[in-house]
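Two complexes come next, and they have one chain in common, subunit A, joined by subunit B in the first and subunit C in the second.
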Partner chain A sequence: MDRSVNLLDVALGFGEHQVSDQSPLSGKVVVIEDCVETSGSFVLHQIMKRLLSPPSSSHSLIFLAFARPFSHYDRILRKLGCNLAAQKANNRLVFVDMLMMKCSDGEEDNVSAVAKLFREIQATVRKLRSVTDTNITVMVDDMSLLEISATNSHHVLDFLHYCHTLTSDSNCSLVILNHEDIYLSLERPAYLLQMVCLADVVIKAEPLASGLANDVHGQLTVLNKGISSNSRNKLQNFQFRIKENGIEYFYPGSRT
Partner chain B sequence: MADSIFRKLRDGGEEGELAPALTIEETVASPFALDVSCYLLANLSSSILAGKSKSEGLVLITFSRSPSFYLQFLKQKGIFVSSSSKWIRVLDCYTDPLGWIDQPSTGVTEGSSLVKLHKCVTDLKRLFSSIIDAGRVMVGDGKTRFTVAIDSVNELLRHSSMPLVSGLLTDLRSHEQVSSLFWSLNTDLHQEKVTNALEYISTMKANLEPLCPSSHGKRNALENLFLVHQDFGKGRFHVRFKLRKGRVRVMSEEYHVDQMGINFSPISSAESVIATTKSLLPKVHFNLQLSEKERVEKEKVVLPFEHQDHGKSTEIYDGRRTLADGKTEATPLLSSGELQTDAVSSGKGGEIIYFRDSDDEHPDSDEDPDDDLDI
Partner chain C sequence: MAAPNVRTSSFSRNRSVVSSPQTPGLKCGPNGTTFVSTGIRDLDRILGGGYPLGSLVMVMEDPEAPHHMDLLRTFMSQGLVNSQPLLYASPSKDPRGFLGTLPNPGSSKEDKPTAPDPDQGESLRIAWQYRKYMENQKNAIDDYSNDFDMRKPLERQFVAGRPIDCVSLLDSSDLSVAQDHCATFLSKFPRNSSNIASVGRIAIQSFCSPLCEYSDKESDMLSFIRLLKSMLMVSNAVAIVTFPPSMLSPSSSTRLQHMADTLLSIKAIPDGDKDLEKLLTGYKDINGFLNVHKVARINTQVPVILEAQTFSMSLKKRRFLALECLNQAPVDGSSGTSYGTSGSCSGSSSKSGALDF
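This part shows the complex of A and B:
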């Protein structure tokens, strides 16, 4: 089960590119939008596992954790069959614990805090690049926590912009989890929209419109809108069920 | 029609008048302004190279994509740009707009004279002089003119206020060496006032309208993105020209975006309008709402308990002859005191006929008929 390619992998392009070393996500921005009813963090875990597990040995991951400590991810990924601690020791995973990020009152400090964070990431990317020519992914769990703690969402957008430069300069990929419902009450959620504008792939996790179901936990909508993507302007929709050791994906109505 | 925008930009303005300017408007649901910009860039570049354009150079200011993206794109279109190219200059406001990076980026290796890094986006005066300088380096100081392309003003608007940005654009338009100018704008990210102001200072406005149902009124722009379904990448391209005489002309076309870029075609038929109602995503697997047609048809159905007399008022017969009775059904009713079945046999459909026992009973009386019972 875990070797086979599931619907989400196919939607992200992992199925076709297994032969070459180039990641289908390289140079792309993936934004995962979720809400309280349906958390999208499992998508993050799955991409993590896909990047770090053996067939793709040429991947490195820089993980910015705003939401949970390392032990949480370690436990989940172990269930999925991937040892994060070992990957960390191998230098394939760089875990940046942002839980203790201090929010300062001053506007200036805030700018410099985000700028400092970016410089840190950039230095890490350069360091990883100097060792091997790997595909580097920067993952953020989750961006809305940074946005909330920043005094001005513009700084977060600046940070995003700079992260975006990494995708074109160093061919990194950027995977961002973001909570949508924080901004839904706003008439013009500029931060959210800006994020979607930057994205090449938008994955939206939401509950079923028909209400709760026992054996379907929600639906994913994947939109490929990036200009450089192979399956440009393709929209896919499928449902999922979260199980103990993995996720099952299926098209609506096709579950046996 | 996309051609006519290109021609207007290529030909530029007359001497002594403001340079023609184009706003390309996109939304979150139709994020293809970049494709339109690329289309115009490719066409303008080839006409400059062929010497068909009034301007002799192009200054591209990049905000949302790296310069290498555009150079790569032009290469794909068969336009090779090297550091010795004398007709194009790129002002890079993408790589480090706020000066966060200490060392100069090593990402762009191709032609340092071609691509110039601009590190201070917030200072629009400096940006203006950088643009003009870049143009002058290319075409010289004289009367030779150049075209200015800004790939996204959204980033500019994020860093500076609207009056400053529109001031910069107007300054560029009125500069004698600028022959034409275009920029793109995502209208969902800013207040309507900002959009309107930028539209107002431009002579042309190109609007990318997605093929998604917007009949539900103003909804969240993000929801719109997921409503477009398989028609993502298709839509209507509306262009508004302000003509020199003061007239306004609006033209529409269809666009289709694929891997190769954007294609324009004349509006085919009503087919695209029908497309808006079909939906890929089954939001609910059963239908909770009725369409207009279904609603009208539902209202036509006559339920069995409803009177089917087509507008005639219903009366309970009280045994006395009324004017209408005398004409139509008086005879059979009078001939017998029993229940009549004539109405059924005469093919009129079901009917309930009520006969009063006697004249002293009031029709529909409120009296309890059993009040004389002794229980």
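This part shows the complex of A and C:
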């Protein structure tokens, strides 16, 4: 068990709470921000694996896939040692394929498309809750694509707030991937600010300032705003190297 | 695309690995991907095999350099030579006219005869048992990619009667026409099983060109690319889209870059730049620079770290497009510390300047 807990897990609060069934993320919002140079999707994969693999048997995951088809995640997670197809059959993973989502047919439809999506999520949460008392996580990969398909960013903001109510009402967790660099040029990136404001944990994936390297793929900055049991670990920074079967995390300069 | 039978174990036999694809012009890649050739051997090598099927390639244009056209031309020619259907869209009145500028396959090693010399075969008798492998290998390479003679127009036999769809982006006020064309085109190549019957190629030139009527509707353009990408992911096709990032707002440009599976950019080389001339060997031959920002990551989370990101584009023998790592010219020991560090001069932040060392 100890072996599989890495720096990111610790920063998120996994590893200490394993005694109880309660997930350290329940009721929290995790926002992952990345940029063109460094993709942050591996963090999603890791959290996915952590939630679905055996020690935490009381987790369910609702995955909104805007970016990739199921086969992509299936292959990646299989290499990480987690079988998504089986989890899907067990109803522990609800995979919502949003690739073809289209809501550009006028304003009225537009509202309903995003609202409909939320209702779908809400219904799924209720259904999962009715079976067992599980921890439910809603994952979005990625939010910027929802923004594009919704065309109106206000609706996306509404969606975000609706989803946020899930965390307080049903104690769900919300894990969102978004791209930070899209908003950097905007004068008032309301959307990004709202998201960071709602977030309990912000994970930022960046490239190394010194450029590309073969053995260090980038750095993560984890800001844990939540009331963690050990409050000293609020802001953490470490580097990572992505491999097929897992991710190596290490503090800068500590790699042998 | 869920597998019909649910595996209960994480281990499963991958049957598709054993049988290499029978269709010419395809190459098996890692993680169950299949590559098609870019039409430039050097670029194939740099990208680890070519463009993977189902990927979206975005090329950022430089208003001062037309080399994105070369990438499009070789990509299209390679598809036609491998008899793959093609969809081409551009903001010109007569997009079909562009087909006349496509390069013809030629051999970059003209000096040597293409057929294996029988005498040479005799002298290599020691390795006779390997000969069939060598020939196999050679055939495989020729099936997959060609060298293109940029000065010779593509022969008619490759164009005439081939399924080529040309769309002008000028005709319509919105992107729905182009979208319909892409949808009908891609519906011919559904990805259902491991055997690939045919492969389609889509080339869209100067997507956000101000000539198009929709050029002020950035959200339309973004959703078009998003839908194109979604459709590509479930079909056996590759799309290459070139766009001028300077014509878009920075945030839209970044969004497009995020959506790209493979992201390339073209940079013009300043003419008669004395400093650069001193720095680079073969400065005179370099036509422009190609930056590789992102290499497609399909079915994997591991990023591809290239040895260098910036490559020089030049024409070998004035005909064949070649990409090379930048080679720093030897400098005087007194003035420079970077003597002979060839190849490793990757521009980590190529946005800031034309060249970073």
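Odds and ends about this structure:
As a working rule, the second predicted complex is superposed on the first by the 244 of 256 C-alpha atoms of A that agree within 3 Å, B and C clash if a C-alpha of one lies under 4 Å from a C-alpha of the other, contacts with A are read in each partner's own complex, and residues count from 1 in each chain.
Here is the rule we use: a residue touches a chain if its C-beta (ideal position, glycine included) is under 8 Å from a C-beta of that chain, and two chains touch if they have at least 3 such contacts.
Quick caveat: nothing in here was measured; it's all calculated off a predicted structure.
In the model built by aligning both structures on subunit A, subunit B fits alongside subunit C without clashing.
Chain centres taken from Cα atoms put the angle at subunit A, between subunit B and subunit C, at 100 degrees to the nearest 10. Of the two partner chains placed by superposition, only subunit B is touched by A:190; subunit C is not. Put simply, more of the residues of subunit A are touched by C, taking subunit B and subunit C as the two choices.
Legend: residue contacts after superposition of the two complexes on their common chain; A:210 is shown touching both subunit B and subunit C.
Looking at the shared chain after the overlay, A:37 reaches subunit C, while subunit B stays out of its contact range.
When the shared chain is aligned, subunit B comes close enough to touch A:202, but subunit C does not. In the superposition on chain A, contact of A:223 is made with subunit B only, not with subunit C.
Once chain A of one complex is fitted onto chain A of the other, the partner contacts of A:119 are limited to subunit B, with no touch recorded for subunit C.
Of the two partner chains, subunit B is the only one that A:170 touches; subunit C does not reach it.
Of all C-alpha pairs spanning subunit B and subunit C in the superposed arrangement, the closest lie 14 Å apart.
Taken together, the two complexes place residues 184, 210 of subunit A in contact with subunit B and also with subunit C.
Partner subunit C is touched in their complex by these residues of subunit A: 36-39, 41-42, 45, 68-72, 74-76, 78-79, 81-83, 85-86, 88-89, 99-100, 102, 104, 144-145, 148-149, 151, 179, 181-186, 207, 210-214, 217, 242-244. Against subunit A, the residues of subunit C that register as touching in their complex are 1-3, 6-10, 31-32, 219-220, 222-223, 226-227, 230-231, 233-234, 249-251, 254-255, 257-259, 263, 293-294, 297-303, 305-306, 309, 346, 348-349.
The touching residues of subunit A, counted against subunit B in their complex, run 33, 115, 118-119, 122, 154, 157-158, 161-162, 165, 168-170, 180, 184, 188-190, 192-194, 196-197, 202, 204, 209-210, 221, 223, 225, 227, 230, 232-235, 237, 252-253. Those residues of subunit B that touch subunit A in the shared complex are 28, 31, 34-35, 65-66, 68-69, 94-98, 100-102, 105, 107, 154-155, 158, 186, 188-191, 220-222, 225-226, 228-230, 232-233, 257-259, 280-286.
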